[in-house]
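The two complexes that follow have chain A in common; it is paired with chain B in the first and with chain C in the second.
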Partner chain A sequence: MKKILSHLWIAIVSILLLLPLILTFIYSFSQSWITILPKRFTLDFYSSVFGDPSFFPALFRGFLISLIPIVLMNAAVMLSLYYSILYDSRLGYLIQVLCLLPYSIQGVILATSIIGLYAGHQSFLSNRIFLLTMTYCIIILPYIYQSIRNSFYALNLKNIVEAGEILGAKKFQILLRVVLPSLKSGLFVSMLLSIALIFGDFAIIKIIAGNQYQTAQMYLHNTRNMPNQIASAIVSVMFLIVFVISSLILMLKNDDLKTDRKKD
Partner chain B sequence: MIRKFFSKYKMIIPFFIIVGFFEIVPIGNMLIQSFLNAELRFTFNNYVTVFTKPVYLVAIRNSLFLSFISSFLGLAIAFLTVLSIPLLSARLRGVFLAMLNMLSNFAGLPLAFAFMIIFGSSGVLILLAEEIGFESLANFQLYSIPGLVAVYVYFQIPLGILLLLPGLAGIKKEWQEAAYLLKANSFQFWIRVGIPMFLPSLLGTFSMLFANALAAYATAYLLVVTNIPLLPIQIANMYIGDLRQRPELGSALSITLLLIMLLVIWITNFLKKRFEYRRV
Partner chain C sequence: MAFLELRGLNKIYGKNHVLQDINISIPEGKLISFLGPSGCGKSTLLRCIAGLETVSDGKIYLDNKDLTDVPIQKRDVGMVFQNYSLFPNLTVFDNIAFGLKIRKEAKEVIARDVNEMLDLVGLTHKKDRFPAFLSGGEQQRVALARALIMKPKVLLLDEPLSALDAQLRKNLQNEIRRIQRQLRITTLFVTHDQSEAMAISDIIYLFNIGKIESSGSPIEIYMSPKTEFAARFIGNYNLLTSEIFSELTGCRLEAAYLAFRPEVVKLSEPEFGDDSYFFSAAVKEVNIHGNFIRYVLLAGKAEFSMDILSDLGDPLLIGETRQFAIRKDCVLTIHES
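Here is the complex of A and B:
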């Protein structure tokens, strides 16, 4: 009895959760849908989206904008954590607070605070695309911090650095030649997470850049007054992209778990 | 002297420059600005406006209501689902969890668009319901508070399940068996043992869901035009859009939002600690 009830419950939840996604997907292929079944399936809406010369650049821009934040913040967090673990553990606490703070600040507040401070300046600081990049740097900070800190702990960093120094290597050399290569899979996961996060952001880009930097999100936003099937097609494509990224993340994490278990 | 400082701290300087300029200084500036008037004099007026002007009061009330209800409903559904998961076969469990993971990415603007396409005033299901005479669905109003609650609950459920799942591992099968040996039924077990043990995990998840709903911008932006003021939208409107920009008032609203968020996190942490303490 209990088993049947729980299966039934899971089935209901699954159907309700899948419904909007599946209907959007079907609708993107249908000419019109005002009776029980959609009338005539078509690829017209996809071809008009893919045929629009501004669609692919918009998709590409969504990824492009995540590039600098990912590289910059991985380097900055790695260097500062490396320093704090080796020389100054109290500093590590400060770094932790600063890195985890963006979790509770959230996009809208961070974006408006940055715009409020810099938008009026007549310098490079008020360049909206620069501000957007820097806001994304802060937003991805918690994810980058956690992945690097976990990897450093798993490595037992202090011992590795001592061993390297006994062999006559400099600290920076150890970081580049020993620590960095062993961080690879952790860095890859946090990189994908950051890409997914930035690709899925609408609040920050809307507040800071508006239509000055058209990403996939802004492109979708601008189709508000077009036929609904166009929007469904874009939603389907965007969902597919995020789905691929998140599947990759899950796969990599599971791989890590498996290798960890083997080690044990 | 300066060179010595630089060479000693060169590894941490980039981090502190970025975080300083784009996290600490902006938030600090926002806090200060919320206490200034247009002539840059100290004042409490911005906060007085926030807590007296109807539009902001309603925005705060709407946001609190929406976040609370959607987190509560989302958590309740997630909780029942998490309890059902162990009864599934291993294969079904794998499929279900993969599906949740996939759906947790369906959020923000694309999700809002999907709801608009399906449940909007000329949405697919709404037109369909009118066609077949399914009154209660045909009358569904997406652009209203109940409509928003539906969308918010939708994105809270997968997140809630994924956040609750690790906590379930803490409920040992032995306790359940022990309770049954002592002639407790399943309901008694959950009321007396299961839920109290699970409470810290439930509270932690609730505060995550609450913060998630409170700051949700894309959904609210697309689905609510002007008839239902919500806090994140009101804040953003102080910096963008056609209205006269009022950064001081926007700052006060932002700080209010931040304080609500911190208050909820603080209360749930406080309750969590109490229950964890009792456990020992």
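Here is the complex of A and C:
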């Protein structure tokens, strides 16, 4: 009985979660939907979206603005942690506090504060694309930090470096030949998580850059005066992209779990 | 000068004097154990020799060269860590080849040497496996091969068997000893397990709170402990103060402690003569250890243990009082506490 109830509960929750997505997807194909069921289906809205020359650049810009903060933050966090673990473990606590601090700051508040602080500045600091990149750096920092720190601990970094040094290698050689390849899976997971996070953002980009830097989310916002099916088509395409990213993360995690089980 | 010489070595962490005036001379080709309880400084000493820790004071000489300030990479020492520290992204072959690749040896030399090492440690059939897919014993052998392939002047083993189960430990003790004798490599072995040190070493250095408590061959260390600590740590010696020993046997001996091993306590037999101390004691505890039984005996204020082989008749019962004997030459006098 308990089993049936739990299955039933899972089914209800699944329907509630999936229904808006399924309906959005169906709606994006419908010519019109004013009765219970849509009248006719069409690919017109998709061809209109894909035919718009500004859609793919917007998608590309979305990826670009995701990738730059990720690369910057991965490099910054990895080198800081590498240094603190090898040379001064007390720095590790400071790095932890600094990296986890953004968890407590809401994205919109952060964006508004940054605009208030730097908008009037007469230097590169007031450049909206620069501000947007740096804001995303702050937002993804906790996720990148957690992932890299866990990978370092799992690797037992200090002992690995000591073992390499006794075999004649310099710390930099060990970083390139052993540490980075061993962190690959952890880095990949944090990168994909961050891409999904930034790619799905609308509020921060709207506040900081507006239409100066049109990403897929801003493109979606700008279709608000067009037929609703177009917005649904864009949402469906973006959902598909995020879904692919999430699936990749799950695949990587499952690979790690399999490795751990074999190890046991 | 000995092959490896440590002179007046001190290591201080803040207020902790971890190593205090360590002086050791180690001959070439021997297996030396640093034995002692956790936190006594034995691993720190090994790390100082490897260059992983700087020394606060003193000198380290290896093969007539001052090693004290030489960088880790140029010390010509090999090390196996307690947790093996294998490189998880490299196969067994590549783990062993790592040092040679860093040294930029020719590919043919690397292949030949690695295959020799794989053969030596019996892992040729697993050369393409990653460390995650090896057992603890196999990982330990890879770590050993990875250190040995560099042909170091000294091999440092930092509790390399402590993470393994009892049976595997014994097998690998024998294997380490076989390889060490085959290669005639000077080896320093850190352990807190006295039976492991006894089984494997040519010479044992016993450490206590950053100092060398005593040193000698395993049999010397076992049979003739010089201090109370050495007697307690090695061989599970029974230690009785002079007064209590006098109450037990009726004989007064001048010493801080009288020490005797559990296996020298015997059930009294009619043929025992004047060369033995006799006394009566009650059995307080009986602990079965497989091939021997350990009894805890109580006689007045004296409490001590006795080991008897399991096949020597019916075991004694708790509460049973019997007559016991200890040969006089088996009782050692300890003057230092």
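By our rule, the second predicted complex is superposed on the first by the 256 of 264 C-alpha atoms of A that agree within 3 Å, B and C clash if a C-alpha of one lies under 4 Å from a C-alpha of the other, contacts with A are read in each partner's own complex, and residues count from 1 in each chain.
What we mean here is this: a residue touches a chain if its C-beta (ideal position, glycine included) is under 8 Å from a C-beta of that chain, and two chains touch if they have at least 3 such contacts.
Quick caveat: nothing in here was measured; it's all calculated off a predicted structure.
**Student:** Once both complexes are superposed via chain A, do chain B and chain C end up clashing or fitting?
**Tutor:** fit
**Student:** First (chain B), second (chain C), both or neither: which does A:Pro181 touch?
**Tutor:** Touch status of A:Pro181: second partner only.
**Student:** Is A:Pro102 touching anything from chain B or chain C once the two structures are fitted on A? First, second, both or neither.
**Tutor:** Only chain B is touched by A:Pro102; chain C is not.
**Student:** Identify the partner contact of A:Ala163: answer first if only chain B is touched, second if only chain C is, both if each is, neither if none is.
**Tutor:** A:Ala163 sits against chain C, while chain B stays out of touch.
**Student:** Which one hits more chain A residues, chain B or chain C?
**Tutor:** After superposition, B is the partner touching more of chain A.
**Student:** Touching A:Thr135, do we find chain B (first), chain C (second), both, or neither?
**Tutor:** It touches chain B, and chain C stays clear.
**Student:** I'd like to know which partner A:Gln173 touches here: chain B for first, chain C for second, both or neither.
**Tutor:** second
**Student:** From the overlay on chain A, compute the angle at chain A's CA centre subtended by chain B and chain C, rounding to the nearest 10 degrees.
**Tutor:** 100
**Student:** For A:Leu220, using the defined touch cut-off, is the partner it touches chain B, chain C, both, or neither? Pick first, second, both or neither.
**Tutor:** The answer is first: A:Leu220 touches chain B but not chain C.
**Student:** Tell me which partner A:Leu248 touches in the superposition: chain B (first), chain C (second), both or neither.
**Tutor:** The answer is neither, since A:Leu248 touches no partner chain.
**Student:** Thinking of the overlay built on chain A, is A:Gly116 touched by chain B (first), by chain C (second), by both, or by neither?
**Tutor:** In the superposition, A:Gly116 contacts chain B only.
**Student:** Using only C-alpha atoms, work out how near chain B sits to chain C after the chain A superposition, in angstrom.
**Tutor:** Minimum over all C-alpha pairs: 18 Å.
**Student:** Once the two structures are fitted together, what part of chain A is touched by chain B and by chain C alike?
**Tutor:** none
**Student:** List the residues on chain A that touch chain C in their complex, please.
**Tutor:** So the residues of chain A in touch with chain C come to 155-156, 159-160, 162-170, 173, 177-178, 181-182, 184, 259, 262-263.
**Student:** Spell out the residues on chain A that touch chain B in their complex, using ranges where they run on.
**Tutor:** Spelled out, the residues of chain A in touch with chain B are 2-3, 5-7, 9-10, 13-14, 16-21, 23-24, 27, 33-36, 72-73, 75-77, 79-80, 82-84, 91, 95, 98, 101-102, 104-119, 134-135, 137-138, 141, 196, 200-203, 206-207, 210, 217, 220-221, 224, 228, 231-232, 234-235, 238-239, 242-243, 246-247, 250.
**Student:** Given the complex with chain A, which residues does chain C contribute to the contact?
**Tutor:** These residues of chain C touch chain A: 50-52, 72-73, 75, 77-79, 81, 83, 85-90, 98-99, 102-103, 132-133, 146-147, 150.
**Student:** Along chain B, where are the residues that touch chain A in the complex?
**Tutor:** Within the complex, chain B touches chain A at residues 9, 11-12, 14-16, 18-19, 21-27, 29-30, 33, 77, 80-81, 83-85, 87-88, 92, 96, 98-111, 113-118, 122, 124-125, 127-128, 131-132, 154, 157-158, 186, 211, 215, 217-218, 221-222, 232, 235-236, 238-240, 247, 250-251, 254, 257-258, 261-262, 265.
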